[in-house]
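Okay, so chain A shows up in both of these, paired with chain B first and chain C after.
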Partner chain A sequence: MKNDISTPVKREDVSEKLLGTACYIGDLKLEDMMYARTLRSTEPRARLISIKYPEMPLGYFVVDRKDVPGKNIIKMIIDDQPYFAEDIVNYIGEPIALIVGKDKTIINELISKTNIEYEKIKPIFSIDERHETTTPIYGDSNTFAAYRLKKGDISEARAKARYICEDIYETGYQEQFYMETQGVIAEYQEGKATIYGSIQCPYYVKNAVVECLGCAPDMVRIVQATTGGAFGGKEDYPSLLAGQAICAAIKVNKPVCLLLERDEDLEVTTKRHPSRIKIKSFIDENHKILGMDAEIMLDAGAYAGLSGVVLQRAMFAIAGVYNIENIKVKGRAIATNKAVSGAFRGFGSPQAFFAIEMHMQNVAKKLRIDPLQFRLDNILKQGDKSTTGGVFRDKILLHEMVARVMEMSNYAEKKRSFQGSDNQKRRGLGLSMFFHGCGFTGNGERDHIKGKARLIKNEEDIVEILIANVEMGQGAGTTMRKIVSAALDIPISRVMYRNPDTDRVPDSGPTVASRTTVIVGKLVYDAAVELKAKWQQGVQQQAEIEYQYPEGYQWDNESFAGDAYTSYSWGVNVVDVEVDTITYESEIKGVWAVFDIGKSIDDRNVKGQIDGGIVQGLGYGAMEVMENVGGRFKQRTSADYIIPTAMDIPMIQSELMCEPYTEGPFGAKGLGELSLVGSPIAYAMAVEDALGIRINSIPVRPEFLMEVAENDKRNHFKTKR
Partner chain B sequence: MVITYRPKSLMEALEAIEFIDYTVFAGGTDLMVKRKQLAGLLPSFDKPVMFISDLAELKQVTIKDGFLYIGAACTFADIIENSLIPEIYKEVFMQIASPAIRNSATIGGNICNSSPAADSLPLLYALDAALVIENSCRRAELPISDFITGPGRNILNSSELVTAVKLPIQSFEKTCYKKVSSRRSNALSKISFVALANIENDVYKDIRIAFGSVAPTVIRSLDIEEDIITMSSQHALDINQIARDYATLIKPIDDQRSTAFYRKEVCNRLLADFLGNYAAASLQL
Partner chain C sequence: MKINFSINNSAKSIEINPSETLYEVLNKCGFSSVKKACGTSSCGICTVLLDGKPIPSCSYLAAKVDQHNITTIEGVQQEAELLGDLMNREGAVQCGFCTPGFLLTIIAMKKELVNPDIQQIKNYLVGNLCRCTGYEGQLRAIRRYMEVGR
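Entry: the complex of A and B
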C-alpha cells in the first residue's frame, strides 16, 4: 500500500541533528547575554538564618526572592514550591538565589565565597518515618495527596476467598538522562518577557511566568528551542528555571542564560517517584481473582509538583491487565527532604505494573499453578470494567499478542531447554503484559487542558500547523505533518511545523501523557478536514478545532468513577536473560515485543519509540541505581549513574497489532510511555526464572542477588528450580 | 591562557621537562574530565601543557631480549591491533571504556593516572611488568608495583616520563580475566580479576593472581602465590585457606558503584572458580 500513512518518511529534524547544526539552548547566544548560576542549599532541611555574599564586582548581581515581581511560588497543582527559597530550605540543591554576570568562572567564585548560616531542622528522608512524631514538611500528615479508590465489595471478596496472598514491592529512582541538560534563556524588552527553553510544555511555562511576574498574559512569550530529549523531565522543572531567569533578566536588564551542568542536573532536577506497593489479593478455588486490596506509597520529595496525578495514574493501573471486580486502593504521596519527584515517561504506571505483574506471578507460584496460564485466565476482555468502573469499549488483543510474542521468541521451546540447567550460567524468560491509558488521567483533557489546534494556509497553499506540542526527539513534528498531509491529500512538503511560540500557537496542551498523537493529532486532523471542506486555492485560510470530550464516556473526579482514559494501548514483552552465578551479572540475550497502538502513523518512528522505551525500561529494571543517603544522591555523575549502552541490549524484535481507536487520527492511539512499562518487568521475571528466587524490587542489582544467594546458602536453603 | 607545547622528539620533551613543570598530556581522556569546566568554557590547566601523544619513540611496540616493550603513548586501539601482543593481554585492553576512548587513551596515561580502578593495571601486575622511566640523562626500569604508591599517586617526578612498559613474553595455559562493572561498555570496574597459570601434571608451576578496584592499589601477593604452588605440589590445595589469606589484603569499600560485601564475595568466587570449580569449592570463610 503506497499511500498507507504507516509507511515511513524522512523525519524533518534528523539532518541537522546528525550534522550537529541543530541549535540547542547552549548554542544560542543573544547580544549582551549574561549567565546565571544557582546558589543552592547544602542542607536537606533548615531555616535560613543569614546569607553573607562577597562584594559583587561591577556587572555581577544577586537575584533572589526579593526580585520576584509577582508570586514567589511556581504555578503547579499545589502552591508550595518557591522559585527562590524564602526562609526554609527543604532539600539539598534547593535554589536560594542566582548569581548573574558575564563570566561563569567569576560567578562560581562568588558562589563559593558566599556563606549561608543555617539552623537545622530534623529532616525526613524515608516514607517509613513516623511523621506524627516530627514536624511534617507539608500539611498535618506530611502527604501531598492521599486518595482512596473503591470498586465493588472488597469484604465480600475477602469472605469468599479460598486463598489470600500478600506481597510488597519497591521501585527505585530513575533519572530521565536526556542528552541535553535543562536550560532557558530569558529576555525582557519593553515590558515583554520572552523565554527560549528546552521544554515540553510551552503553556505551562507561560502560565508560571505570568504569575511569577504578576503581569498580563500577553506580556509573556515562550519559544521552544530545539530540545534534546525530555522524557517527562522537562514537563514541570522548566517552569522553575524560566521564572528564575526572567526575574534575573529584569534585574540586570540583559538577556540571561540559565543552563544546568550535567552533574547539577542529575542531582537537583525531578526524577521518577520511588514507590512501595502492598498488594493483597483474594482468590477463589478456581483461581479467579475475586478482589484486591492495595496500598501505594510514593516518595514525592520536598514539594508537591505533579505527585498527586502521578499517584492517580499508579492507582488506576494497579489491577494491571486483569479483570478484578472488587478493588480497594489507598494511595499516598509522601513528602521527604529530597529532590522533587516528578514526571517521567510512564508517570506512575511503571511502578504499579511492576507490582501487579510480579504479584500475579508470585501468587501462581504459591498456588503451584502455571503462572502464565493463571494470568491469562484472569485477563481483561472487551466490555470488562477498569479499576474505576470505566468500560473497556474496544477489543483487547492480549491473547493474540501473547501468542504472537511466544512464537517470535520461541518461548515454549526456550522454556523447556532452560529448565533444570545447573550450569554456572543460567537462563531465564520473563513475559509482561501491560497497557497505558492515553491522554490525561480523568477529567484532565475535558476540564483542564481543553486543547486547541489551528491550521493556517497561506496564498501559496502552504499549510502551517499551529500547536503547542513540541518535537523533542520523539518525532511529533513529522507525525503531525503526515496527519495533515494525508487528511488534506497534499504532499507532506506543503505542510509546515515549527517549534511552538506561544505568541503564534494556540494552547493545544502539554507534550505529555502519550496524548500528542491521539489527542492533538485528532485536533489537527479535524482542523484539516474543516480546511479541506472550505479549501480555496491561492487564498489565505485557517481552521481551528477545540477538544470535544468523546460521547458516551464519563468521569467523576470526586469519586474516581468512570472512564479514567478514553483509549488504551497495550503491550506484551518477553525478555531472555543469562545470569552468571559467580558474579550475578545478567546478560540480556533477547527482547521481543508486540504492541497494539492502533494505527501506526509512521512505522520507523514507532520503532524508534519502541526501541528507546524498551531500553529505558531495561535500564530502570536492571542497572539504573540512584541511592539517597542523608538527603544526598550517591550517584551524581554520568560515570556513576549508569544507563544502558547499545552493548547491553540485543536487537529488539517488535511487531504491531492494531485495534484502532475511532476517536484517534486514522485510528491511532498513544505510544510514547507504553514502550517503557513492560521491559523492566519482563527482565525481573526472567532473572527470577533463571535463579529460582523471588524478586520484589527494581533495579535488580547483582549486589542484591548476591545477598539473596548468600543468605540462602547460610540458611542451608537450597533454591529450587 | 595556558602555554602548550608539542615537542618533536622524546629528547626534546625530556629536556623541556627538566626545567619547566609541565602537565604531560597523552590521550587526555582522564585529564580532560578532571580539568573540565562549566559548559561552554575551556578546560582549566594551571601549568603549561606538553602533548606527547604523537612522539614516534613512544608509539612503538618492539621485542628485545625476550621482552615486549609497549611505548607509553600507544593507545589501547594501537595495542589491540598489534600482532606482537598476545591474545590474553588484548582481552584486557578490549574491555576498557568505549571505542572512542580506546582510540585516544594510552597505556602510559592509564598507568600514570594510577587509579585503583585502572583497567590495565591488574594484568601488568600479574605479568611483573616493569616501567621504563627516563629523564634527559638517565633511563631506569622499575617494577610497576614499586611505581604506584596509592590511589592516584606514584613516584614519577616532574622531570621524568614513563616511556614504555616492559613485559615478559610468556604463555600461560590457564588464564582468566574478568572485569565486573555495571554495564558492558564505558563503565568503571567494580572489581577486576586477572589470573594466569601454568600447570604440569595437575600441579601449579607458576601462578599469578591480581585484583583491581578492591583496595587502594592493585592486590597481588607473591607469598600466597608461592603457598598455592607448594600446596598444589603436595596435592593439598586448600582453597578456603587461600581465600582467607587474600581476604586480609582485599579491603573493598561501599561506594556509589557497588558494595564492599559484593566486591569481596565476587573476589572469593572468581578466585575459587579459577583454582578449582566454584560450585565444588563451596567456600567456608
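Entry: the complex of A and C
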C-alpha cells in the first residue's frame, strides 16, 4: 500500500535548527554593516515642536521623514501611518527617527541625549471615550471602520421571541511573543534595494518599499531570513521596519541592520485587538434562537493597520457554530492613542467566539435548561446559511466531534463527580465549539491577492517550488513539498523549497489567514498536475497556476452578502480545571480536542500546530495580561508579560475527524488559527463551572476571579435577606 | 581585560571589555548558535552550559567565566543529534529559535537529575520559553531521551 500523505516525514529545516546553524536575521552579517536604533515618542499624543539632537560623531547619522525618497506612508489598507512621524505623534513608542552608526552603545547614548519638545494634545485611550470632547484621531467619527451586517428580519425575530437575553463580553490584548524579535537588514546597491527580514509576507514588504522609495517594482528585492515564529505579528509590522531601514541604507550608503530589542518589540509592535461585544438574542418557547443583534467594538490603536479586516472576521464569526436566521451586527474599529492593534492567529475570531460561546452558555442557564443540549439543538448543519448568507456546503461533523471529545475526556462521568463539591479545590469542565473560515475574508483571494504559484524542473528532474509563502516554524515548506511529491509521484527528496526571494518567486500572497495549505497548497498541487501532464525527462520545464475563484460561490463586498469563506475548519475542545476557592488560582488538569481540517498533510506538523495553538489559547484565556494605563503598557518587559512555561501546561489529547474539502489539496483545509480559538473559551467555561459564577471577560486572572466571587457572595447575601 | 576559559573543550584566551556579557563575547567569537532574545534572563533562548550547568549568557558577565568551561550546542553535537532526532520525531522543532538553548538545558538535566518525574522535568525547563510547540512535543521527546542509556 502506498504511504498516506499524512504520514510524517523529516522536515527540511530541522537539521540546521538542531545544529544551531540556521541563519536568522540576527545571524546575518553584511560587510560594513551599520546598526540602527529608533528614536521614539514618549508622549501618547502630541505635536512635535522641536527635536534637538546632540552633535553626531563622525559616522553617525539621523534618518527621519526628510530622508524618505517616496511616500512617507506605509502601504496598507488605509493610508494613514507614516514610517517616521511628521508633525504629530499618536502613541508612546511611535518612531520619529533612526540613529544609525557602527556602535550600538554610542547610538543608545545619542538617543538618550536627544531632546524632544512636545505640545500635548488631549489623548483618547478608551473605546468608550466620546470623541465630541476631543479631536478624533482619525476621520470624523474616530473609527477606522464601521460596518453593518444584516440577514433576515431581526424585528420579526424580536416580535416572535418569548425570551430576550443580553450580555456584554470583553477580551484583552495579547502579544504574539514570537521568540525571535522583529528585524530587517537593508542594503542599497546601484539603485537596487534589498531587504532581508524575519517576515511572513514578502510581497507586502516589497509593495511597501516600492512606494516608500517611489521606484520601479523591479528595483526592490525582499528575501526572507529563517523566521523565529510570527503568529501574525510579522504580517504588517515588517513593512514599517523595512521602509525605515532602506531609507537609512540609502542615506549612509552602507547596509543597515534594524533589530528590535525584546522589550521594545513588546511595547511597540502590533497585538491582538481588545474587544467589547454586546450580544442580544431572541429565543422562542422551544428554545430555538430566532435572532441575534450584536455590536462589536475593537480597540484599533493609533493607526488603521489591518483593523477593518479583523473587524469583518469578528463580525462574520459572531453567530458562532449556531444556525441563526435573523441577524443584525454593527461593528466598529475605534482609534485610540496606543500601539497599533494588528494580526494575531485567529484575527478577530477568538474575540467573537468567546462572546457567542459564553453567551449561549449563559442563555441556557437563565432559561434553566441544560447548556450543552441547548447549544447542540441550535448548531449549524450542512445546507444552513452563514451570518452573511453563504451556504455551508460540506457536511458538518460537530455532533460526532462533540460525542468523541466527550468520550475522550470522560465528560459525563466527570461532570457527575464534580457536582456539588464543597472542597476548597473545585473542579469544572468547559466545552467549546468553533470554526475558522479558511483563506482571506470576502473578496480577498479573488480580487486582491490573485495568488500565483510556479514549479520549475531542472535537467536533473529536481522540482523547485516557487511561492512567496514562508516557513516560519509551522511546517509550510514540508507541507508544500509533500503535496508536490505526491501529485507528481516522485520522492520528496527530489522536491525543493527555499525561503522566498521576490526576485525568484511569483506573488502567491501572504502567509496568513490559514490560507497557505488550502489556497496556495492547491495552486501548487494544480501546477504539479500540469507539470506531470507535460513531464519530459531531463528537460527544464515549468508550470504556473493562478488562483481561480471556485465555481458556485459568490460574494458581494458592498452588502457583505454571500460566501465570506470558501471553506471552514471546525473544532471542539474540552478543558478540565481545578480552582482553589481561597487563592483563586487554577490548574488545568487536561485538554481534549477534536478538529476537522479536511485532511492532515503531515500528522506531526498538525500535532505541533494543535498543541502550540491550544497552549497559546490557554495563555490568552488564563494568564497573558497586558494593560494600558495612560497610553503606556504596564506589562512592557518580558519579565512582566507572562506566557505559558513548561510548568503551566496540561496534558493535551487531540484527534482529527475530517470531512475533506473538494477544492483543497488532498481535501485539506486550514489549521493554524483554528487551533487557538477554542481553548480560552473552554477554559473560561470550566472556571465558571467549577465556581458556579459568571465570567464575561478574559484573561481570567485569580484577582479578577476573587472579585467576581466576592461580589457574587455579597449579591447572594442581599437576595437572601 | 583578558580572560582564559575553555569553550567546547578548547582553551581560549581573549581580550574583553569588563562590561561585556558572555553572549556578546560568544557572538564575536562566531558561535552563532547562541541566540539572544530578552536580554534579561527571562526566556532561556541564550542558554549555554557553564561547567555543565545551564546559564543565560545574555545577562552573565563574560569576566565571570575566567577559568571556567563553557559549552555551546557545537560542543555536544553527538548528544544533540540523538536528542534532536527524538525532538524531531515528536514535532518539537518548529521555528527553531529556542531549540539550541532547549537542547543544552535538557542535556544538562539528564546529567544532573536522576530519574526525575514529570514535575521535576517541568521545573527544570521553566526558564526556557517556547511559543510554537506548547511544550508537549518537547516533553514527549524528553521522556524518551531520559530512557536512553539506562
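A few remarks follow.
Note that the second predicted complex is superposed on the first by the 710 of 721 C-alpha atoms of A that agree within 3 Å, B and C clash if a C-alpha of one lies under 4 Å from a C-alpha of the other, contacts with A are read in each partner's own complex, and residues count from 1 in each chain.
The criterion applied here is as follows: a contact is a pair of C-beta atoms (placed from the backbone, for glycine too) under 8 Å apart; a residue touches a chain by one contact, two chains touch by 3 or more.
Only a predicted model underlies this, so the values are computations on that prediction, with no experimental measurement involved.
When both complexes are overlaid on chain A, the residue A:A639 reaches chain B and chain C alike. In the superposed model, A:A533 makes contact with neither chain B nor chain C.
Residue contacts after overlaying the shared chain place A:K104 against chain B, while chain C stays out of touching range. Look at A:Q616: by the touch rule set out above, it reaches chain C but stays clear of chain B. Of the two partner chains, neither chain B nor chain C is touched by A:A216. With both structures placed on the common chain, the touch criterion links A:L58 to neither chain B nor chain C.
By the touch criterion defined above, A:E703 reaches chain B but does not reach chain C. Counting residues of chain A touched by each partner, chain B versus chain C, the larger count belongs to C.
In the superposition on chain A, chain A positions 26, 181, 261, 639, 644-647 are in contact with chain B in one complex as well as with chain C in the other. Residue ranges on chain A touching chain C, taken from their complex, read 8, 10-11, 13-14, 16-24, 26-27, 176-181, 226-229, 231, 261-263, 472-475, 604-605, 607-608, 611-616, 637-639, 643-647, 649, 652.
Chain contact summary for the complex, chain A toward chain B: residues 26, 37, 104-105, 108, 181, 259, 261, 424, 582-583, 585, 587, 623, 625, 627, 634-636, 639-640, 642, 644-648, 702-703, 706-707, 710. Contact residues of chain B toward chain A in the complex are 37-41, 98, 178, 180, 182-188, 255-259, 261-262, 265-266, 269-270, 273, 278-279. Partner chain A is touched in their complex by these residues of chain C: 32-40, 42-43, 45, 72-74, 77, 80-81, 84, 87-100, 103, 121-123, 125-139.
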